[in-house]
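One chain, chain A, appears in both complexes that follow, with chain B as partner in the first and chain C in the second.
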Partner chain A sequence: MAKPRVGIFDFTGCEGCELNQLNFEDQLLDILGHVDIVEWREAMDGQVDELDIAFVEGSLSTPECITRIHEIRRKSKVLVALGACAVQGGVNAMKNTRPIEEVREEVYGDQKYLFPTLPALPLSAVVKVDFAVRGCPMTQIEFLKVFTSLVMGKAPIEPDSAVCVECKLKENECVVDKGMICLGPITRMGCGARCPTFGQYCNGCRGLVSAPNIEGMQEILVEKGLAMDEAWKRLQLYNANQLEGVQR
Partner chain B sequence: MSTDLDIKVHHLTRVEGHGNIVVNMKQGVLEKARLEIVEAPRYFEAMLKGRSFHEAAIITSRICGICSLGHQITSLKATEQALGLEVSEQTVLLRKLLIHGATLQSNVLHAYFLAAPDFLGVGSVFPLVGSHPEIVKRALRMKRLANDIGDVVSGRAVHPITPVPGGFTRIPTEKELLEIRRRLIEDMVPDYLATVDTLQALAEAIPDFTRETEYISLRSDHDYALYDGDICSTDAGRVDTADYLGMTNEFIVPHSTSKHCKVSRSSYMVGALARWNNNHDKLCDTALNAAGALGLEPNCHNPYMNTIAQVVEAGHCAMDSVAIIDRLLDDGLKNERPNQEPTRYGTGIGATEVPRGVLYHEYTYDRQGRVAAANCIIPTGQNLANIDDDMKALVPEIIDRSKQDITLMLEMLVRAYDPCISCSVHMLDVQFKE
Partner chain C sequence: MVQYLLEDSRVVDFVSHLQACKTVYAPHRKGTSSFAFAPVDDPTAVVLDYNRTLHSVKKYFLPPTETLLSFDLRTNEFTESEIVPCDAVFLGVHSYDLRAVHKLDHNFRQENPEKNYLRRREEAAFVGVSFEPDAFHFSGSVGIGSRDSSGFDVFLTRIAAGYILTAHTPVGQELVDGFVMPEYTGDLPVPPGFKQHIYVPQDKLSEVFEHSYRNDVWLETAEKCVGCGTCNLVCPTCYCFNVEDTVEITIDGGSRARTWDGCMLRSFTEVAGGEVFREESAARQRHRVYRKFKYISDRTGEPWCVGCGRCNQACTAGISIVSIVNRLVNDYDREVVETA
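Presenting the complex of A and B:
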């Protein structure tokens, strides 16, 4: 069987997810043994016409992005969104909570016409996304699971329980009990509760579970003495697009 | 001799972010020679406005994955100054260790994965896996250890977790630090010396091009300035970081979504070569020996040598990491909690040397500890005008060569700066309108 032909692409974001692929120092040579990476601007020269798997990082935020994601979708059999920007719009989507003209004017003043911009969108708003690797940056263990499944011709399984589940398994002290805001109760697990394990709160980077109890989450936060608007803001950090239209 | 030349490299490869090289010459007159920055704007100010001081570093570190640690530390320093938060000596040492790890990983990544393929005549690092497996494995080993410093001390090398305003949410254990120390001595030192040997063979292929410019970096009387220092310019001398706006002078140009900078001349250079020119006297012997072997001399004006300067300082980062770990362990690790009780609400400035040059963050907080104004000035943005000036000087010198050769020389020039285009198009430079 021929090795799958893989391409890696980036849109509006920090390229930290791509960097995390170069950070598989212990597995990189094995990975390269199972696929042919044929297009990756950040690491190599050249472009191709046909791909088995496209890994795509970043959100869509300019007219040029929209054209390019259609081209990538057309030439790829499977498209995988990498990281919070590609999956949910990521931190870029925070700008969507304010009028776009106001935002442009603040940054470029009367020269704003030089640089066209759109609200930051997840890939799934424009093309069909087959699978997702979540997180900011993308969770490395999840990438390896998705990658292995695809190479073996199986569909990856996407987790849909809260980060709290993994946090309990790690026997961490509950972050909320420590008096900090934590978005673990409504955030999709798969990261091994990495931030709480290192003493930090969960900031929701992996996106919401499919049926998040946002109201209950807010109640917990307010109970711990955290102001309602602060709780809402922290939810927006990675989930501005998902919260649009949700009643506060 | 060819008098017409038309080069357009769309989305230059092996750099971080999206840029195009455009050069036009008509009848011997250079009409255009520039790096166009086409990275999509991010609008970070829309994200920061009104957000808590706990979140500022989390948000600004997302400007760039490669430079996330540098942004985070710089942001924390600015926030701490603005809020009057004192940090402990242990916090400073742990941050210095993190900066060494991040600089080491970034410089190794650039030299081996992004720059070296040009010198070996291949399009990426991947063919080298078959042709030079030992070299690739060595690069991966060095990168792994550098990243492990980040993983152990900050919870995650890309977008670190534990560094917060006032300190750390978790202190590494003595056992973890001793293991890093052992690997630095047993693995990193021999791998570093081997790297210098490998590069010695390639260094001869570095283009011979010089153009003197203004070199700006931080400088400290105590050490090779990475974490802290005054601003130091080869033209203007030493300047307090409080005057950083006068040492950057950002302006908008139509061909770049990133703003450009200038100080004493039409352009200036920041990064490893500027650090080398300003601070080589503060490097350890391991680094100075590497500089000798690789032909890097003080007052070097060849921008292609920036890659060599990165490798030289990587040796310093490795050796100084050992010294910092020794000091932390001699002093005894203390399980400190971060100091997060503001003593004032005002404006603070952070300046740090990150792999690509000096990075500035400035924040103003309101009385609720929320961001009222913010500004970041990014190394790659500071280098863009200098890259354009280099191209304008270089193209006439090499105009007799084939178009293919000229294109490669220009691509190598841009790559030598190790530009981080995502960072440069951060678009965080505003006073918020109320």
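Presenting the complex of A and C:
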């Protein structure tokens, strides 16, 4: 059986998720043994016409991005969104909370007419996304799980419970009780509750669970004595697109 | 039964004495203001005056995650994990947590006996300690007093000078043998009262729950609940789990693990084909509370909640199972009893 042909692509983002794939020092040879990587701008030259799996990093933020993601979708059997920008818009989507012209002017000044821009969108806003590897940067253990499943021809299981679950499995003391703004209760698990385990709060980088009670979460943060503005900003950091239409 | 006085100054010696017999697990400080059971290394680190541990001792018999078997995809063979019994002393267990273990024993002996749990559980010895109820404990309302020694091998009751020690079983007597203590002949002071109460007994609760399926409290609670599942995961009588296979990156083998799960989690109610059979948070909350006071209780005659207060204390939204149940009782009295 021929090995699956894999392409790795990037849009608006820091390329940290891609870089993370090169950091699989212990597994990289296994990974390369199962697939042929045939297109990857960051690591090699050339383009191909057909792919079995496309791993795509970054959010869509220019008209050119829209054209290119359609091309990638057209030539790929399976498309996997890689990391917070691709999955939910990520930190880029913070700009969506301000008028687009204002943002454009602030960044490009009087050259702004040379740089058309769009609100930062997740891939799923434009094309069908089959699977996701979440996190900022993408969670490595999750990438390996998704990768292994796809190589075996199985649909990966995507976690859809809160980070709190993984904190509880580890018997961590709750950081909310220490006065932190932790978004763990509505953020999707899969990272092993890495930040709270090391005494940090969760800032929601893996996106929200599938039916989040955002109003309830705000109430909790305010009840814990935090300013609504501060709570809202924290929610916007990675999930600005998911907050649209939510009563503040 | 002989009562001994274990003076505060001798508690560390007593822990060392137990350690000489068996592995000892006991509460330790964890984080800034929490407690957790852990194997005793340094006897001076053991804390017997504590409100509650993050998890109950359930975690030793039904671990948060356990590998059930490993498989080889080349030969199509599997090997089940070897289960080692906890031949150990669990020191400093509160009455409600041991009662919870007894409830799990019941659940896991029904129908298909759960051999991993039962195997780990069978050799365990328990040394209990009384507790002073805080703002969250309500075990008194479900028939478990703060000094309830039933089921323990040895029990320690807190008094000003230390603990009154009593051995209740041959195993307990064996644990205490060789540790010299004076007999205690004084009085037993009145136990401190509970600060939270469910005001009716289980036989009435069963009737109340019969009429509470459509109560507004479920929807009202769902507005506050963020569905994080913490209440399930800290509960000493919750025992639901998920089973997942993981294949190694080498694609030649892997393992099957089971992990605690909970009925408050939306993904728990998702079945094959993607159907979610309890989509609404309100329905999940109702199911959780019914599992504690109705469904199992109708078959056993006992509440399946032990009143430890963990679900309330750990809930970031401050949802209280006591408030929910008392609300149901009040509504029942007003709507059903008065109109009858």
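The rule we apply is simple: the second predicted complex is superposed on the first by the 248 of 248 C-alpha atoms of A that agree within 3 Å, B and C clash if a C-alpha of one lies under 4 Å from a C-alpha of the other, contacts with A are read in each partner's own complex, and residues count from 1 in each chain.
The working rule: a contact is a pair of C-beta atoms (placed from the backbone, for glycine too) under 8 Å apart; a residue touches a chain by one contact, two chains touch by 3 or more.
Because the structure is a prediction, the values reported are computed rather than measured.
Student: Report clash or fit for the pair chain B and chain C bound to chain A in the combined superposed model.
Tutor: Superposition check on chain A shows chain B and chain C fit without a clash.
Student: I'd like to know which partner A:Phe147 touches here: chain B for first, chain C for second, both or neither.
Tutor: Only chain C is touched by A:Phe147; chain B is not.
Student: Touching A:Asn20, do we find chain B (first), chain C (second), both, or neither?
Tutor: The first partner, chain B, only.
Student: By the touch definition at the top of the document, which applies to A:Asn203: first (chain B), second (chain C), both, or neither?
Tutor: The first partner, chain B, only.
Student: Please tell me which partner, chain B or chain C, touches more residues of chain A.
Tutor: If we count touched residues of chain A for both partners, the winner is B.
Student: After the superposition, what is the least C-alpha distance between chain B and chain C in whole angstrom?
Tutor: 12
Student: Which chain A residues are contacted by chain C in one complex and by chain B in the other?
Tutor: Touching chain B in the first complex and chain C in the second, no residue of chain A appears in both lists.
Student: Give the list of chain C residues in touch with chain A in this complex.
Tutor: For chain C paired with chain A, touching residues are 30-34, 36, 54-55, 59, 64-65, 222-230, 233-234, 244, 246-251, 259-260, 262, 265-268, 270, 279, 281, 314, 316-318.
Student: Per the contact definition, I'd like the list of chain B residues that touch chain A in the complex.
Tutor: 11, 13-17, 38, 40-43, 45-47, 50-52, 55, 58-59, 62-66, 68, 109, 113-114, 117, 123-126, 129, 136-137, 140-141, 143-144, 147, 155-159, 161-162, 164, 168-170, 252, 254, 257, 422, 427, 429-430, 432-433
Student: Going by the contact rule at the top, pick out the chain A residues touching chain C in the complex.
Tutor: Residue list for chain A touching chain C: 27, 30-31, 34, 144-145, 147-149, 151-152, 157, 159-162, 164-165, 168-174, 176-178, 184-186, 209-213, 215-217, 219-220, 223-224.
Student: Would you tell me which residues of chain A are touching chain B in their complex?
Tutor: Interface residues on chain A, with respect to chain B: 11-20, 22-23, 25-26, 28-29, 32, 37, 40-46, 61-62, 64-65, 90-92, 94-95, 97-98, 103-104, 106-108, 111, 114-115, 117, 136-137, 194-195, 197-200, 203, 230, 233-234, 237.
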